[in-house]
Structures are given as structure tokens and as C-alpha cells.
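Each of the next two complexes has subunit A plus one more chain, namely subunit B in the first and subunit C in the second.
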Partner chain A sequence: MNPIIEFQNVSYSYATEDGAESAVQGLCFAVSPGEFVAMVGRNGSGKSTAAKLCNGLLIPQEGRVLAAGMDTANENLLFEIRRRVGMVFQNPDNQIIAATVEDDVAFGPENLCVPQEELRRRVDESLRAVGMYELREAEPHKLSGGQKQRVAIAGVLALHNDVIILDESTAMLDPRGRTEVMQSVRALNRERGLTVLLITHFMEEAAQADRVLVMHEGRLLAQGAPRDVFAQEETLRTAGLSLPAPAGLARLLREDFPQLPRGILTEEECAAAILEAFR
Partner chain B sequence: MNAIETQSLTYQYPNTGKGTPAAIEGINLAAQPGQLLCIIGHTGSGKSTLVQHLNALLKPTGGAVFVDGKNIWQNKASIRQARFWVGLCFQYPEYQMFEETVEKDIAFGPKNMGLPGDEIRARVLRAAEYVGLPESCLPKSPFDLSGGEKRRAAIAGVMAMEPRALVLDEPTAGLDPAGKEQIQQLILRYRRETGRTVLLISHNMEEVARLADQILVMHQGRAALCGTAAEVFGRAAQLREMGLSVPVVTDIFERLRAAGLPVSAEIFTEEQAAAELARLKREGVRLP
Partner chain C sequence: MIKGITIGQYFAGRSPLHRMDARMKIVLTLAYMVVIFLCKNFWALGCTALAAVLCAALSGVPAKMILRSMRPVLILVLFTGVLNVFYTNGPNTHIWFQYELWRVTLKITREGVFTAMFTTIRILCLIAVSSLLTYTTTPSMLTTAMERLLLPLAKLKVPVAVFAMMMTLALRFVPTLIEETERIMNAQKSRGANLETGSLLQRVRAFVPVLVPLFVSAFRRAAELASAMESRCYTGEGPRTSLKQLRLRPWDFGWLAGTVLLTAGIVALNHFFRAVI
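Let's look at the complex of A and B:
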């Protein structure tokens, strides 16, 4: 199957006072349709630049990006690319514009001149998909952060997108809000086959993905299934990242219990491994 | 004498309808000098409303606030003093930086206090040192700093007032793991070196377990629990009912106990966990 997002040797630098600062360099990766991919890396590692390159918010200075098979450097395709590759940003207060939840979700498809009946259907369906249908008439400023982010996700879904990119969309939420957003995203991925690229600082969230990409200094340092990536403890240290908390505990315990395996992802697995060590 | 104390502190936001519950009600908080008090509770539980009372940004609709034993609403002078005695650092404080240089931004507080120039300069340098910003950062524009540096510069701005109590509202929110670690370290060091009181709002239970001398749990505007990590995290079921969690390590140890491994119920940090399991190993404990 053709990838839905493909980076071919992509480089991008930002102009600064003293010349140019490289943000991503020779980046190559692909995301398959229906995949749930997490991207991790410390601040300044190039994650957000990569996200903005996915749907033509930034255009590669070298190499190329194909989104749903379309070259993002082709200006004529940008409209279609952005419809199909939607983005949700970090700050829940910066991306809602309408006076009610349903008007906000309708904003995108309205701009595409979707007919009234179809519009209603799409708004309702999108709000149901993120569990916000009951609050469709609510005023956005009265919602919690997690609810606002789910409305933002519904706004993308209403465009009938194929890919959703979440650029640290859970960073400003409290634990409950984060759980709500992650549950919605996982359900959309599993039940509707929506492709997800999740950029996050929370290793516990990355652990829920099919595949994890580790960014470091503008390059891809490692990638693979969460279990394999989080087993590469030295690589993660190089990238300035932590382990998911259960894996972090296992690493510390390994001094006394060398038999504890690497790549532990959950509390349950960690407890089971410790119990095994005492048998 | 407590550095900060509230007695039956209650606040009802103005223009809320009859029957609307108060944002906070009957809060008795006491932080001793040099203590690190963590406040937890989910969004809307009243944490931010509570801390805005501590430096007189909000006027209680009931009860009172004392800083170093003085009622801060006694007169105009005491209100002004509270603003300097209690340094409040909001969430995402870097969004509030506005000066042309980092130095001027850090100096803003001490300048408002009417301190002489050389004293201001000395405080700026000290605060920059506490947060680990090199002197070479000071002439830069705040916009040229990285996210983590900006956050630390903004915290330095509050530290430079040298308040008797420093109040930080989610100081590590939104940072990457290395940035979080740096902020936690600087808080511990600041507290150790100055011996001043620190209040910290956090959603991160690992952070709370690691830093707190005392924990206050807010729930629906009330103080639901208050005590040491052992006293608070020992009530996992109650915390979960309030939509809060316990540290991951504590969760794992609950599972170990449930499976019959005789580990202590008072394990909240990775270091405690390692020590406890090493003890079991030394004692030759085995599961059947």
C-alpha cells in the first residue's frame, strides 16, 4: 500500500539573524494509511517543523513531501492536501473561533461549500465521534481543555480527512483531559482507520502507538514498535528523552535485578516482571 | 509561626447566581517556613483560585489569609506587602514576558519594589543563577530563548523579588522531559539554598511525590485531604474517586502487594522502590 505521508530526504532551515538554523535534515520516513505513529524528541529536535511540513504549512527546501500522494510543493494541490491532512495544535484556546461548538465544527466544511443537509450530517457525525455531541450547543469558552481539543479534532474530521496530526495537543491539558483526547484519537484510529501522527512529550502516550519515531537534532534517530524503541535506553538518553514511568522503574531496578527485561511499557508488565524475579 | 496560613478561606466569584457553589470554601492551609507544599486536584477544583488569594490578587469573601502571621487585608500597606512577600508565578509565565531583554524582565519585580539599582542588579544575577541561566542570556531578547529557558527566565523574575514564599502554578507543564527535570532540580536547589517556603501546583504525581513535604488535595473547592505523601497517596481509592491518580511506582507496588509480595505500602518514588525491593532481596523473600 502506498504511504499516506512520505518524507523523501527532506531538509528545512529557518532564517535567523546570523544566517540559517537547520530544523530538519535529510529526513526520511513514511506513514501508512491507518497507522498510529507517535513522534517524540526534545524541544528543538524538529518535531513541529516535521508536522508543519506534512500538510504544506512549510515547504521543503530540499527533498519532497508527499501527502496522500500529492507533492506539497505544488501550490495547486495545497487546498486538497490540507483538507485531507488535518492538524490540531497545542493551545486549546487558540483554535476555536465560533460562538458554539457546532458552529465551530461547521466552519471548515462550510468553507468548502458543503450543502446544508450534508453539513448538518457531518457536524453531528464528527461530534459523536469525539463524544461531544451532547454539548453541541455549548459555548466553547465554557468547555474544559480536553473538551476544546476534542472539538478541534471534530473540526478536522468534518472535512473528511484521512490523516490527523496532533502537535503536542495534549501538552496543556490536565491528566483527565489528556486521557479523553487519547481515548478519542485511539478510537478514531481503530474504528475508522484514521491515520494518526501524534507528536508528544508524554512517553506513556507514545507507548500506545503502533510505531514510534525518535527525533534528534533534526534527524530521525530511531524508529520501531514502542517496545523496541523504549528498549533502546541509551538511544533515548542521547535524544534527551525519558522512558515511560514503568520502564524507568525497571531500568533503575536492574542494578539489583538484572533479569528484568527492557521494553516494559505498562504498570502491569512491570509488576509481573518484578514478581517473576521473586519466584 | 506559619509562613502562609489561611483560615476558613472562602471565595464566591461575583455575579454568580444564587445556589452556585463557592469556588473555594473553608480552606485551612498552613505552610511552615521552608516547607514545600504541593497542591493537587483536577482542573476546576479551586487550586488557582486558592493561590491567587495568597498575594492578595483576590479578596476573600469569607475567612482570612495570613503571611508571616499578618492578616494581609489589614490595611493598604499590608496588601502591598503581600504582593512582595508572596511571589506568584502563573501557568505558562513565559507568555507574560514583555521587556526587551531578559535582564529587564527579571528586574521588573524588584524595580517595582523601589529597590536601588545595584541591589536590583545583584538580585537579577542571583535569580538567574538559581534558575541556571548563564549571564550571557541576560542581554538577549526573551524571544531568542528556547522554551525551557524562557520558562526559567520568567520564574527568575518572581524569584528576584526574593519573596518569603514562592508560589508556582504548574511550573513544568508543557515542557519536554529534560526541561521538566531542570525545573524540578532548580526548585529543590532554591528551597535548599534560601530556606524559603515554596508552594507548588502540579498535575504530575511523580513530581509531587518527589518534591513535597506536604500535600494538599483540592476537590470541588474544598480541601479534601492534607498530609505527607504517605498520608495522601496511601488513600489511592479516594484519590481515584476524585479523578486523581497515584504515582506510577505506587500503582505498581499496589499490584505487588495484591500478588502477595510483602512490600511496604509507603512507596512513592523510584528511589524508595529500589531500596524496598533490595531489602526484600537481602532478606531472601521469595514468592511461592
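Let's look at the complex of A and C:
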């Protein structure tokens, strides 16, 4: 299957007062349709730049980015690329455009000139998909952070996109808001086959993905299934990342109880392994 | 405390006024403003004022709310009223009362009193009707209706859609920026800034450390917002559709007919009764 997002040796640097500051260097990776990929890395590792390269908000200075097979450097294709590759940003307050929830969700398809009845259908369907239908007439500034981010996700879904990129979209939320957003995203990935690229610095979120990409200083340091990536403790230390809490606990316990298995990711697995070890 | 703020003064309801097409509401409000200035005698003025009262009653908006919207103009009304009473002069004025105060003659004329009453009633009716418009229409609906009404100007290369988008964004961001202001004020206060006491000049000066971060953050927001809008296929040009449904229904034409009837009635009353102003 052709990848839906493909980075071919991509480099990008920002212009600063003293020359250029490289953000992404020789980045190569691909995301297949229907995949749930998490990208982790500490601040300044280039993950947000990578996100903005996906839908042509930034254009690579070297290499190519193909979104749904279209080169983001081609300005004529940007409209279609942005329709298919939706983006949800970090700050919920800075991406909600209209004064009511449903008007905001309609913003994208309005730009596509979708006729009115179809608009109504898309808005209702998208709001139901994230469980915000009941609040469709609410004013965004009266919603919680998690609710606002779900509205933002609905706004992307209404474009009938193929890929959703979440650029640290849970970073400003409280634990409950994070759970809400992650549940919506996982459901959309599983039930609708929506491709997800989740950029995060919460390892617990990354652990839920099919595949994890570890970014470090603008390069891809490691990639693989969460279980394999989180087993590479040296790599994680280089990237300045911590383990998901259950994995970290298992590692500490293993110093005294070497019989604990490796590759523990979730709380359930951790609990089961501890019980097994003490039996 | 600011969290609960609502922009505009929309009063939710399902009255006939609420259900009227917003474009029709705007047009008829403008028409009413013209009609009220056509009135030449008390019969005509009374009819027009009665129409406003009827609309207010139909809207289901509490009278208290409508009266409250008149409060800011009360001083203006009193001022113009007093001026009109004393300063209406002319060859054919009927003097009701005259008093010599030093060298100034204070004269109260019949025409002066009538003019004062007319102006007062006119201003109050204008306020009542225009506040009814905003009480019965959501701000976003108003913006949409304005955009549609001004659409013919787009042919003259006036960027109507862009202005409408600016209005929408302004409506959306006012509460957010108010929240932000409060946050910055608290931040500065917690570092010892004194924003509440001192002379006016001192307080204005104390507000600078609030305004600067507010502007910086507003610009940052604007940049992020632009990315978010672009990501959702906004180009700033080309046609867009709208979720908002504006459809003229038979009832809307009923309202139009009512307004035409009122205008005709006013013209007739002007004709049959003597003009008092």
C-alpha cells in the first residue's frame, strides 16, 4: 500500500538573527493509511516542524514531503492536501474560529463550498463522532479544554479528511481532557480507519500507538512498535525521554526482581507481571 | 467571574421576532428609523410608538431589559429635551411662559415643548427597536445577515466576505481576550502592580504593563489562528458557503407588509392632521 504521508530526506531550518537554525535534518519516514503513529521527542527535537511540513504550512528546503501522494511544494495542490491532511494544534483557544460550536465545525467545509444541506449533515456527523453533538450550540469559550479540542477534531473530520495530525493537542489539557481526546482519537482510528499522527511528549499516549517515532535534534533516532522502542532504554535516554509510568516502575522493580519480563507498557500488564513475580 | 460573559445581548426565545429572517429584521429596523422621522403630528408619532411597543410585547423580551438598554441615552434625551424647550424660536411661536433672568429671556414656547416631546419619543423608539433587533438575533446571525445584505457591494470589489470574517473572529475572540486581560492583571498584581488606586493618570500608566503583554499575546494568537485557518482550507478569496440558513418565509413578508402599512398610515395621518412640528 502506498504511504499516505511520506518524508523523503526532508530538511528545514528557521531563519534567525544569527543565521539559520536547523529544525529537521534528513528526515525519512512514512505513514501507511489507517495507521496510528506517535511521534515523541523533547522540546526542540523538530516534531512540531515535522507536523507543519505534513500539510504544507512549511515547505521543505531540501527533500520532498508527499501527502496522499501529492508534493506539498506544489502550491496548486495545497488546498487538496489540506483537505485530506487535517491538523489539530496545541492551543484550543487559537484554532476555534466561530462563535458557536457548530459554526466552527462548519468552517472547513464552508471553505470547500459544500452546499448547505450537506454541510448540516457533515457538522452533525462530525460532532457525534467526537461526542459533542449535544453542545453544538454552545459558545466555545464556555467549554472545557478537552471539549474544545474535540470540537477542533470535529472541525477537521468535517473536511472528510484521511489523516489527522495532532500537534501536541493534549499538552494544555488536564488529565481528564487528555483522556477524552485520546478516546476520541483511538475510536476514530479503529472505527473509521482514520490515519493518525500523534505528536506528544506524554509517553502513556505514545504507548497506545501502533508505531512510535523518536525524534532527536531534528533526526529520527528510532522507530518501531511501542514495546520495542520503550525497551531501548539507552535510546530513550539520549532523546531525553522518560518511560511510560508502568514501564518505568517495571524497570525499577527489575533491579531487585530480575524475573519481571521486559516490554511492559500498560498498567494492567504491569500489575499482572508483579502478581506473577510474587506468586 | 468574567467566565460567564456573553457577547452581544441576545435573549434566547422563539417569538415571531426571533424567527424572522435576520436580513428582514435589519431592513425593517432601518425602515422604522426612517418612518419615525416622517411623523409630523402626535397621531402619527403615537402610531409609530405603538408599533414599537407591540413589537416589544411580541418579542417576549422582558420590558425591564428593553428599558435598561435606554438608560445610557437618558442623559442625551434629557439634554436635547431641555434645549428644545428653551431654544425653539421663530416668528409663529406661541409663548406659554416667559421669565426675565438678568438679561436673558427664558421662553417656553408651545413649539419648543412639542419638539422636545417629539425628539424624546423618537430617540426612545429608535433605541427600543434597535435593541429589539440585537435582543432577538444572535451576533453570528447578525454578521451573516449583514454579509448577505452587503453582498451586492462585492461586485464593486468591496471585500465584504473578508469584513464578515473579521467580524466573526472579533466576536469569537472578545471573551478570550477579556480572560487573557484578567490573567495578565492578576499576574502583574501578584508582582506588586497597583492597578486600582491612585489618580486617573496613575491608573492609566499602571495599565501599560497589562497592555503590552496583551498585545504580544494577541499577535501570537493571530499567527496561530492564521495557521489553523489555512489548515482548514481557508484562502481568503473565492466563494464560501454557510451553515447558516437564511430563508425568507411567508411570515417575513407579513412583517414587510405591516411595515409598509405603517408607513402608509403615517403618510395619511400626516396628511389629515395638522403638522405640529
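Note that in this section the second predicted complex is superposed on the first by the 279 of 279 C-alpha atoms of A that agree within 3 Å, B and C clash if a C-alpha of one lies under 4 Å from a C-alpha of the other, contacts with A are read in each partner's own complex, and residues count from 1 in each chain.
Note that in this section a contact is a pair of C-beta atoms (placed from the backbone, for glycine too) under 8 Å apart; a residue touches a chain by one contact, two chains touch by 3 or more.
Just so you know, these numbers come straight off a predicted model, no measurement behind them.
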Do subunit B and subunit C fit side by side on subunit A after the overlay, or clash?
fit
So, A:43: does it touch subunit B (first), subunit C (second), both, or neither?
first
Which partner chains sit in contact with A:258 here, subunit B, subunit C, both or neither? Use first/second/both/neither.
neither
Per the contact definition in the header, classify A:19: touching subunit B only (first), subunit C only (second), both, or neither.
neither
Taking the superposition on A as described, I'd like to know which of subunit B and subunit C A:242 touches: first, second, both or neither.
first
Check whether A:172 is in contact with subunit B, with subunit C, with both or with neither, and answer first, second, both or neither.
first
For the overlay built on chain A, what is the smallest gap between any CA atom of subunit B and any CA atom of subunit C, in Å?
5
How about subunit A: which of its residues touch subunit C in the complex?
52, 55, 57, 79, 82-83, 86-87, 89, 91, 93-100, 102-103, 106-116, 119-120, 123, 139-142, 155-156, 159
Which stretch or stretches of subunit B touch subunit A in the complex?
42-44, 92, 146-148, 173-179, 181, 203, 206, 243-245, 247-249, 251-252, 255-256, 259, 261, 270-271, 273-274, 277-278, 280-281, 285-287
If you look only at subunit C, which of its residues touch subunit A in the complex?
3-4, 6-7, 138-140, 168-169, 171-172, 175-176, 179, 221, 224-225, 227-235, 238-245
In their shared complex, at which residues does subunit A touch subunit B?
41-44, 90, 144-145, 168, 171-172, 174-177, 201, 203, 240-242, 245-246, 248-249, 252-253, 255-257, 267-268, 270-271, 274-275, 278-279
